[in-house]
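Consider the two complexes below, in which chain A is the common component and chain B and chain C are the respective partners.
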Partner chain A sequence: MEATKVLDAKGLACPMPIVRTKKAIAELEPGEVLEIHTTDQGSKSDLTAWAKSGGHEILEDVEEDGVIKFWIKKGE
Partner chain B sequence: MAEKKKTTIVLFSGDYDKAMAAYIIANGAAAYDHEVTIFHTFWGLNALRKDNHQPVKKGLLESMFGKMMPQGAAKLGLSKMNFFGLGKLMINKVMKKHNAMELPNLVEMAREQDVKLIACTMTMDLLGLQKEELLDEIEYGGVGAYIGDAEDGNVNLFI
Partner chain C sequence: MAMQEMTAGQVTKKIINNEELFILDVRNQDAFEDWKIEGYRFSYLNIPYFELIDGVKGIMEQLPKDKDILVVCAKEGSSVMVAEMLSEAGLDVSYLKGGMKAWSEHLEPIKVGDLNGNGELYQFVRIGKGCLSYMVVSDGEAAIIDPTRMATVFMDFAEEKHVAIKHVLDTHLHADHISGGRVLAEKTGASYWLPPRDATEVTFSYQPLEDEQVIHVGTTKIDIQALYTPGHTIGSTSFIIDQAYLLTGDILFIDSIGRPDLAGKADDWVGDLRKSLYTRYQQLSEELVVLPAHFMIMAELNEDGTVGKKLGDLFKENHGLNVTDEHAFRKMVTENLPPQPNAYQEIRETNMGKITPDTEKQREMEIGPNRCAVR
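Right after this comes the complex of A and B.
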């Protein structure tokens, strides 16, 4: 999937994945897509709830070799 | 855009682990774009102390209190299994292994994210702590300041 920007949050523990995601998405325009890589097992629930609250859309998430990847489309 | 949501936390405890929980929640709430306030009272004030000695005038009791309490976020002890500081050393090691942020870094990150840090002036008097001994650029207030933020808070916690 085409992403405007990729955020490497691998190895970071709670609360850093959402803190970094917030900063990264602030630099995007609405409709643009942020790709995030994390290894924190809680980040799937965290980012799903965070995106919902902020009006962003999770387009896809996959897990491979312990790395969880998300594609989040920035909301209006 | 709609008005920002608010998270307010009372940090009463001076335990490292409890302060860590408070600061992790505060940083998470800031990432949710909440306006976040941490109101430090009683032992929680120790998380705001500078880690070096400040030359301030104090009475005997206040000096004793100052020496007996942990001087700054890094020096707080664990609420359980502290074992006179040994448990703290062990948890620091485990935290490094798991890349968890140490409390002083969490405090720093909260400041970067514009979390409002308030020191309770009434308990500062009780514990003999003066403004010079606490981190710069924090705010001072009492229950009025806290309730002012908390009354329209969406998340209010006492830790």
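Right after this comes the complex of A and C.
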């Protein structure tokens, strides 16, 4: 999937993956896509809840070799 | 102002001592609604940490000035972040050391009573998840019943008491938490006893617990007598200890009874459950103190933090023991059951030895309340 920006949050523990995601998405324009890589299992439900509350859309998430990848489209 | 660490043990003391505590839970809403720290006089505010990254100004008015405040999250990291911000904003706050992960694993050993000779009976209250384990101690020997996954807690306690763990018993194949039985038996050389009807698929060797089997602990001989009481599982076995205590496993709780559906056989087992509760237990002395394998709500705790009540009292007060109509009973235990425990199939397979998840995975599987009862 095409992403405007990739955020490597691997090895970071909660709350850092979301803190970094929030910062990265602030630098994007609405409609642009942020790709996030994280190894924190808790990120899955937290990113989902965060995206929902912020009006962003999770386009896809996959898990490969312990790395969870998310694609989030910035909301209006 | 200051930020302090509060351990799961300190929070447990606050529950037992009936103290007040204000909990700011910064996990997401689903996680909070599913499972939280319960206390009689605890009050709560749930705001996910990701809504507080830019500051805590918005919630200052919702926080009390006259109560201890504890910030709680899943593993600790986010609660430290929020507690730091609150402390900078002028509040005295604590965060929960190790988060809900540590809360789920904390065991509080509490003495239930003295047994024959110099014997003692301890209950290990897993306060965050509602699991209860037991240790019978007598003359340098110990038997452990329904130990949870945190095997070292039991081993350290045995060492402190200068006793060798000789027997480890499970009342049934658990579906809500991972048993520490096998690991404890391997590490200490103790015998691991299981009801054979629950163990048909296990991948390791064990001692079969048959009806009326008697196990002795110590030289003054404290008897643990097995009583076959199926219904929650087909093998479910109760134990009578020293003619004074009745360990009911997941068949009978203080304020509820066991559910028969966690192995997928509610309709087959409901008859067994009724027979165990309404026939077998009725034949026992009403003076026996019932000690179950779980509690569901804090109201089931006695003043000293233990969970236990005389069988005679339960015959009077426990709704599940007072449904005279068989059809109504069947309906109660097979319909409108609460959600099943998190990952219960994987937990059963782990307890059978079929799968061996790593510790982190085991922790995750056990997240949440136990949900073994029907009310």
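Operating definition for what follows: the second predicted complex is superposed on the first by the 76 of 76 C-alpha atoms of A that agree within 3 Å, B and C clash if a C-alpha of one lies under 4 Å from a C-alpha of the other, contacts with A are read in each partner's own complex, and residues count from 1 in each chain.
We take it that contacts are C-beta pairs under 8 Å (C-beta built on N, C-alpha and C of every residue); 3 or more make two chains touch, one makes a residue touch a chain.
Computed from a predicted structure; not experimentally measured.
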Contacts of A:S45 with chain B and chain C, given as first, second, both or neither: second
Touched partner set for A:D61, first chain B, second chain C, both or neither: neither
Partner chain in contact with A:V19 - chain B first, chain C second, else both or neither: both
Which superposed partner A:E32 touches (first chain B, second chain C, both, neither): neither
Which superposed partner A:S53 touches (first chain B, second chain C, both, neither): both
Footprint overlap on chain A, where chain B in one structure and chain C in the other make contact: 13-16, 18-19, 22, 46, 50, 53
Residues of chain B touching chain A in the complex: 24-25, 27-28, 30-33, 98-101, 109, 113
Chain B contact footprint on chain A (complex, rising order): 11-16, 18-19, 21-22, 46, 50, 53-54
Chain C residues within the chain A interface of the complex: 28-31, 48-51, 53, 73-75, 77-78, 81, 360, 364
Interfacial residue positions of chain A with respect to chain C in the complex: 13-16, 18-19, 22, 41-42, 45-46, 49-50, 53
